[in-house]
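Please find one structure pasted underneath; my questions will follow.
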Amino acid sequence: MKKLINDPADVVKEGLQGIAAAHADRVRVMTDPNVIVRADAPVQGKVGLVSGGGSGHEPMHGGFVGMGMLDAACPGEVFTSPTPDQMLAATKAVDGGAGVLHIVKNYTGDVLNFEMAADLARDEKIEVEAVVIDDDVAVQDSLYTAGRRGVGTTVLAEKICGAAAEQRRSLAEVAGLCRKVNANGRSMGMALTSCIVPAAGNPTFELGPAEMEIGIGIHGEPGRERRQMAPAREVVEMLATPIVEDLPFRSGDRVLAFVNSMGGTPLIELYVLYNDLRKFLAARGIEPVRTLIGPYITSLEMQGCSITLLKLDEELTALWDAPVDTPGLRWGA
Amino acid sequence: MKKLINDPADVVKEGLQGIAAAHADRVRVMTDPNVIVRADAPVQGKVGLVSGGGSGHEPMHGGFVGMGMLDAACPGEVFTSPTPDQMLAATKAVDGGAGVLHIVKNYTGDVLNFEMAADLARDEKIEVEAVVIDDDVAVQDSLYTAGRRGVGTTVLAEKICGAAAEQRRSLAEVAGLCRKVNANGRSMGMALTSCIVPAAGNPTFELGPAEMEIGIGIHGEPGRERRQMAPAREVVEMLATPIVEDLPFRSGDRVLAFVNSMGGTPLIELYVLYNDLRKFLAARGIEPVRTLIGPYITSLEMQGCSITLLKLDEELTALWDAPVDTPGLRWGA
Amino acid sequence: MPISDSQISDWIRAFAAAVAENKKYLTELDSAIGDADHGINMSRGMQAVLAKLDARQAADIGDLLKTVGMTLVSTVGGAGGPLYGTLFLQMGTSAAGKPELSDDEWAAALAAGVAGVQRRGKAEPGDKTMIDALVPAVEAVKSALAEGSALDEALRRSAEAAREGMTATIPLVARKGRASYLGERSANHQDPGATSSWLLLQAAADTLAAKDSQQR
Amino acid sequence: MPISDSQISDWIRAFAAAVAENKKYLTELDSAIGDADHGINMSRGMQAVLAKLDARQAADIGDLLKTVGMTLVSTVGGAGGPLYGTLFLQMGTSAAGKPELSDDEWAAALAAGVAGVQRRGKAEPGDKTMIDALVPAVEAVKSALAEGSALDEALRRSAEAAREGMTATIPLVARKGRASYLGERSANHQDPGATSSWLLLQAAADTLAAKDSQQR
């Protein structure tokens, strides 16, 4: 296992200490339980935004704490959802009297832990709403699954809801907006290599030198199918076709196109992919009016990518463009 | 070779097309010869900033074109310095009447090509100054080498000089500032894995499963020595000790600490490294008052990191904090 | 002879030991159809539980079980944390204020715990989850006691039912949890959660009944 | 019998062919002590030169050589581009306006080209660069002609001197270019640039002299 770490058991703790020290101007890190909080939390009169999930997806979620995005993030162990006491502590720390929104990725663990946390917070008289993000078209949404996973759209929802909360919109409005983003966002991912969970020490799955895994999640779990390596333009088609067909995205739609690295894929490849994606979209009359290209929701050092499309209207576009000032996403501030 | 590309020969071209499409609001991409230019270039009365180098280091340099940083970048083939005609075209495109600064990384190829370009530009009556960045302490600076390589400090110099140029400082002043940044910045890098140049198709060097290469450059070239894998805190010591001793950085110094991924190392590991770096610095009384943590000057998908320290004074700090609006670095705008 | 507070402690310690011993095995089962952490997570949680038990002041069994539940909830994470946490929390509620448990009170507590897991996770038997081991275990202990079996026999039958339920998950296609994303690819693998649940019931048979017969 | 414009073309084409043939070899030499691109870069440049030659209008030799130089400068990049570009540009200046070259004019043009490379790259013989092949080649052609040798003999001795210079780079520790970063680790490897320079001089011996003797 080749990693720039010390003891595998200390990765999350030391990573948090690093974040705390590097971004002391923006965030405060609480330990026992672990929570990353906006330095100026709670912001009075503002809906508090809390998210969280397993570690190993950096910059999500801790890197998105700050003005215009999250008020707090709860980092779990690597790829393991955090616990209710973290979420409760986060919720209490960011409650500015206007209620708290939990943005939850749809995994059984995340959902159950956030549910317990919301119950506990309500016991303490904090108004809490939860919205579950489930945008991964690789999972058949049916009675026979735990539902679609929450992936790339989570980042976009956190940004957009963060902007709305800064405008002092109500908890009901911000939650409604979060559901709207989720309803209009679709994602799918793939891997060229597995990642290695530090505590496990070896790759979660094995791929041959000419194989790739299509429809993966973000926890190193196996995907929908294994295929022979293909050129970027075919990979884009494999990912973008189910995305576009699912919503469906139609000619004339204006979208935010998000090309994400799973961690080990470098930027130049993301631009090659985006070049193929824009052609794919152009052929269908879909216009990418905003882009986000880089490693934003990762799986440790996994090589691979995911594509997310979010259908934009004027409201979402304006909220996307609004200032944001976090370690991982920053503009206008 | 596992890469998300089409034909290896088209990586640079398609990457540029992707950049052009993704960031049309900020940059314009010229082809034949390849140049990435600020959308609003030339900015009248402002010193034009041009840099360039081989591709494969993204976001450097193309991702740093925009308000407050570069006016143009010249992308060469992967890891091969660009050609004088690119640099000439860039220089002409950004000349707003106040002269043009070439920020050149110290590699024989980059230096010679930029020299020829400067001669050609002067023939066309454009005032050109060039500053060579040579901050890599892994190279013994002596009569017996081509001198130190230009690495991480380049990113910082581009940001800081870009801010000074926005303030309409003169060419002499901006060039002087660039030399000052170079004089106060030191870097060193290491690799856990080799990268694969697309046109070559196999790793530039081979490392055993428990080996790492210390003192590498950014082109997949071998480093100063090969060692057994070590914990992050020891890696930090191996890199930071020669950096601190070289300038030297002294107790009481305020620095910008830049922990960079070579491309394949994920953010969580950079934070673990930064956590060890801040302890290393604290033990020496050196205070990191600004941080930059992420993949900013990369070697394709190489796993590894580099550390850069820049000694700050008030002038440099203020220029670092000034607004910047590029695809790769953005704040305050 | 009722089940004592110290026997419940022994049961928890025996479960912790079984989880530690099977940490790699549980994680391997989870890498085939999940995310390769079930053993790591449960073992982290049970180590925390052991630390709590060692530091614990004497109190009633309800209190003991709630402490276990709370500790699991706040240290395990993932799906396993809230589910096992709920199991012990609900058992604790059922046993609230009791310094010892009769056979029927044990069966009632277990049933309450498993019902809590079902309410929280919404899984039915056959969904390929821990429920496939837990529900048969509750039924077995209840019907054994109803038939007049002694506690050791009832616990033995309960653990045996859990083992069978666990094995029966192998051919199933998962409909809950992370394994459900795999669809048909989830068949032919044993569910990790059902496996840890069997370890829990087996630990009960080994500790509660063993002491019970010694003390008889 | 002077060297004609079409012989110079043949020389360039022969060099392009030799570079294409040795593309992998040159790149391998460069991966040992550089960045694994010398063959790729030179071959990209010489392919561009061939395209230019095919499209070219008849003009003088100076013009031809300058076209080669400009094309290399704008297509090769790295250290090789400006250095080989300068070589041909300076040869072109030396041969400006000439429809054919006498033996001495050839030697003078080559010397001017190599002097240009030295001015640009500041390398001395012994620094483990292309200069180690080029400087002996110039000296050899000059002294052969001074001794009264025919052109074919002079070119042969020039190519032979380049080959020896190339081989002599093997034990050297590099002091210029990318290989210098390796310090002592650069010894025991042949310099890629010196190798391509030998190919250039060998191509001259094969083309300029061969035709020369046929036409004599």
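Going by the order they are written in, the chains are A, B, C and D; count residues from 1 in each one.
Quick note on the criterion: contacts are C-beta pairs under 8 Å (C-beta built on N, C-alpha and C of every residue); 3 or more make two chains touch, one makes a residue touch a chain.
Remember, predicted model here, so these are calculated numbers, not experimental data.
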Path length in steps (a step moves to a chain that is touched) from subunit A to subunit D: 2
Chain located farthest away, centre of subunit A as origin (C-alpha): D
For the pair subunit B and subunit D, the C-alpha centroid-to-centroid distance in angstrom is 33
State, to the nearest whole Å, the distance from the C-alpha centre of subunit C to the C-alpha centre of subunit D. 79
Per the C-alpha means, the centres of subunit B and subunit C lie apart by a whole-Å value of 56
If a residue has to touch 2 or more other chains to count, which residues of subunit B qualify? none
Of all residues in subunit D, which are in touch with two or more distinct other chains? none
Touching pairs of chains in this structure are A-B, A-C, B-D
Residues on subunit C engaged by subunit A in the complex (per definition of touch): 27, 31, 34-37, 40-41, 44, 73-83, 85, 120-121, 173, 175-178, 180-183, 185
The answer for subunit A against subunit C in the complex is residues 33, 54, 76-77, 79-85, 107-109, 112-113, 115-116, 138-140, 143-146, 149, 197, 199-200, 204-205, 217, 219-222
Show me the residue ranges of subunit B that touch subunit A in the complex, using the header's touch definition. 2-7, 11, 14-19, 21-23, 55-56, 58-59, 63, 192-193, 209, 212, 229, 231-233, 235, 263-276, 278, 288, 291, 293, 295, 298, 300-301, 303-305, 325, 327, 330-333
